[in-house]
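Input: structures, listed below.
Next come two complexes, and both contain chain A; in the first it sits with chain B, in the second with chain C.
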Partner chain A sequence: MTLEAANKELEKKYTKLVGTAASNMCAHCGWCMEACHVYLASHDPAMTPVAKAERIRRVYKKNHDWMSQLFPAWTGAKKLTEEELDKWVTLAYRDCTLCERCVVNCPMGVETPQLIAAARAALVAAGKAPEILTQLADMAISREENAELYKDFFLEQVKEIEKQLQEKLRDPEATIPIDKEGADILYVPLSGLHTILPEAILFNAAHESWTMSMFEASNYGVFLSDSAKSKRIAERIINEAKRLKVKEVVLTECGHAYTTLRWEAPKLFGEPLPFQVRSILEVLDEYVREKRINLDPSKNSEPVTYHDSCNLGRKGGLLEEPRRVINAVAQDFREMIPNRLQSFCCGGGGGLVAVAEWSDARILAGKPKADQIRKTGAKIVVTSCDNCRHQINELNEHYNLGITVTSLSELNVQALVIP
Partner chain B sequence: MAEELKIVTTLDLKGLVCPIPIVKVNQAIKNVQVGEAIEAFATDPGVLGDIPAWSKTTGNELVKMERVDKNFRFVIRRLK
Partner chain C sequence: MHTGFVHFAEYELQIIALAWLVVLYFIKIFQLRRLPMTQDIAPTKGSPVAGVLRSYTNIFIPWSMESAQKHRWRWAEFGAYHVGALISILNTFTTPFAPGMMTQQVRWVFAILIAPAFLLGFVKLARRISRPEMRLISTPDDYFALASVELFFFAGIMALLVDTSLWRTIYFLITAGFLFYVPFSKISHYVYFFFAAAITGRRYGVRGVRPQAGKAE
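Moving on to the complex of A and B:
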């Protein structure tokens, strides 16, 4: 039954992009090898993108390529077996973080992550996806369905955070509005104080018209490659934004949350969203350019480097915004080499950071990033993705990097001049 | 008479943020017997929404959620 469900899902995922990646387009040139952080860290040929893709590609070939159907031994085409499906769990969820660095380095533009995502979807259909990712996705859905379980307690805590905000800004009028209809911005944090207080300070300092979401931006349905759950989780924010009639939704520093709502949601829902979607990075860049907040870069005098989240940078296109902001709030900004489109994944992407049993593989895969950080000599690493932040914090501990990991908002708050 | 609650594990989740508290609670609950409980102390307000929702979806019982000094204390009983 599980094999049948997996095969059925693989066929459902046979889109143009998957089809192209699954075709004979891959020239097996090997350019993707050096692009993959997992291969660079392990030097295991099975970890090259081409080798990983081939294990899924050969199943598609068996079903869609006439040559493979006639002469499977020539093309390596194979039917999916239960045994292979079990092996796909680590292939799809551990050995590839969907960072897409192989795609930008492939001369043929083969979308290997599309194949990996199709394999993830097949594993979801077969009930073989990592338990914790499923639990985190279900938890997000349950937060909306059972809001009465925690709403009062949560609102009480927001009032506590508000006191810290007022103290920091020396302004008793500073607020964290919830459920404010007609605000310009619906800000969606993560499930954590570190994505509430800094942004609340900056929104208040800029006299922004804003309200904060009751929900968290992260969407574990995306990591699972479970379209139904991704849609359901995104829908909570979309419905809240519609109900409050906001002009735009601003997402906190979270890579996959941004690509999901900014780029994927219109496809998932089959229509454009009735509001603008931006990352807090874009808002901070606007504040800096329009001088809406008073910043003093001498307050951040230690060397700073920036880690491009794959989702925000390579996939999302937010490459210059964070750099403009850092240059405005810090004195000594140093780039990692390579950066921007060629930035290495930190090793914790694609949901991997939540799967405790694979932490050794994740820390090993983060070695290229750890080496990059060390070479900059930076003492502060800024990253605008919470998964990257978790991972880089662990890399710091494991590889003794001697750094502090922070977010762009926190770095801004550090430089904020409070009258 | 209410069944006595046996807390067999105490988790220190202070300073941790999502998803790590849930990852650790999920690991810990597997190591206790059905009917036994774990307690967890956390500091991040994110857990206030996450732990009740996680308990509900995984079929475990959130017996208590309270504030103890500057921490949040949760008691979760394994039900299956």
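Moving on to the complex of A and C:
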């Protein structure tokens, strides 16, 4: 039964993109091997992108490739079995973080992460996805369904944060507006003070017309590759933005939340969204360029480096914005080598950071990133993704990097000149 | 060698084999085109056209891929191998259909361009056998494809340099066999390249990921 569901889902995911990635397009040349942080950290031949992709490709080939249908042994094609499906759990959710570094280093551009995502979807259909990811996705949905229950508690918390905001800005008029109809911006944070207070300080300092969402930006349906849940979670924010008639939705520093709402949601809903979607990085970049906030880079005198979240950079296109901002708010910005499109995944992407039982594998996979950070000599690591932040904090502890991990908004607040 | 058979191998057989290849490729493309596709429909950040062009030309820019940047030798090897393959394919058309073009000098130039590819085939084979990472991903098709291309290169060189009816016949028989096999093998990877590079390139272009004008990648 589970096998049948998995096979059915694999076929549902057989799009042009997956169809080409699953075809003879991969020439097995091995160019992608050293692009993968998991392979570089483990030196396990089974951890190369091509080896991982091949396990899924061979199942697709059995169903779609002429030679594989006639002589499966010739191409290594095989039917999906219960045993193999069980092995796919670690393959799809632990051993690949969907970072796409292999794609930009493949001469053919084989989209290995698309195959992994298809495997994830098959595992969801078979009921074999990591429970924690399912729970986190379900919690986000339940929060909307029970919004009234949460509202009072949420507003109470916001009032507390507002006090800190007023204190920091020395302005009793500073506010964190909720449910403000007609505001220009609907800001969507994550749960936690660190993605509310810094942004509230900056919005108030820039005299922005804004309101804050009741929901958090993260969308664990995406990590699951569960289209229905992804859509449902994204819909909460879309409905709120429509109800409040805002001009744009600004997402907090969260990699997958940005890629999901900015690029994937219109595809999920089959039409462009009726408002603009930006990351807070783009807003801060605009503030810096238009000098809407007064910043003093000497307040950030320690060496700073920036970690490109795979979702924001390689998948989202936000590569220069954070760099322009850091150069405006810090005195000593040092690039990791390589960076931008070639940046290494921190090791915690693709939802892996949430799965506690795989933390050893995650810390090992983060070794290339830890080495990169150490080489810069930076004392502060800025990253604009909460999952990356969590992972780099753990890398800091494990590999004794002696760094502080912060967000771009927090770095801005540090440099903010308050009259 | 019977001249009628030589003629058949050079002309009729080649046309049959090419027609076979084209028909099967058409079926493959038709099958791929029928699959659903969801493209980015959000407001663009960059240019989809620039992204597709960048994707098609990426391989010619060794500094754009870390894999090519770190291993320049492999990039050069990739280039030389594919130049040899292109010349070999060209030769299957020029020898029978444009014999006037195939002067002694042209034959030598073609042979000199194919020869490195032939030698590099052994390097590829050695790498596939010696590295555990390569062995793990290799199937009988990988070894057979590599060996058949080697045979195709070798016969091509011999037919170019030793212009006898025997070598020409051998060469064109091998070529025909090769053409019959290609649609079933990973040798057909180049057909998919044009599809995938367009899809991926468009996405990167739309999202402003690639090309990053004037920026190091």
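As a convention for this text, the second predicted complex is superposed on the first by the 419 of 419 C-alpha atoms of A that agree within 3 Å, B and C clash if a C-alpha of one lies under 4 Å from a C-alpha of the other, contacts with A are read in each partner's own complex, and residues count from 1 in each chain.
The criterion applied here is as follows: a contact is a pair of C-beta atoms (placed from the backbone, for glycine too) under 8 Å apart; a residue touches a chain by one contact, two chains touch by 3 or more.
Keep in mind that what you see is a predicted model, and the values were worked out from it rather than measured.
When the two structures are aligned on the shared chain, A:Asn239 is found in touch with neither chain B nor chain C.
Shared-chain residue A:Gly109: touches chain C; no touch with chain B. Ranking chain B and chain C by residues of chain A touched puts C first.
Legend: residue contacts after superposition of the two complexes on their common chain; A:Asn327 is shown touching neither chain B nor chain C. Every residue of chain B that touches chain A in the complex is listed here, in rising order: 17-20, 22-24, 26-27, 44-50, 52-54, 56-58, 62, 65.
Partner chain B is touched in their complex by these residues of chain A: 131-132, 135-136, 138-143, 146, 149-150, 153-154, 157-158, 160-161, 190-194, 196, 216, 218, 220, 353-354, 356, 386, 390. The touching residues of chain A, when paired with chain C in their complex, are 14-17, 19-21, 23-35, 45-46, 48, 50-51, 54, 66-67, 73-76, 103-111, 262-263, 265-267, 271-273, 276-277, 313-317, 319-320, 338, 340-342. Considering their complex, residues 31-33, 35-43, 45-46, 55, 58-59, 65-68, 70, 74, 78, 127, 131-142, 144, 183-189, 192-193, 195-197, 199-201, 207-210, 212, 215-217 of chain C touch chain A.
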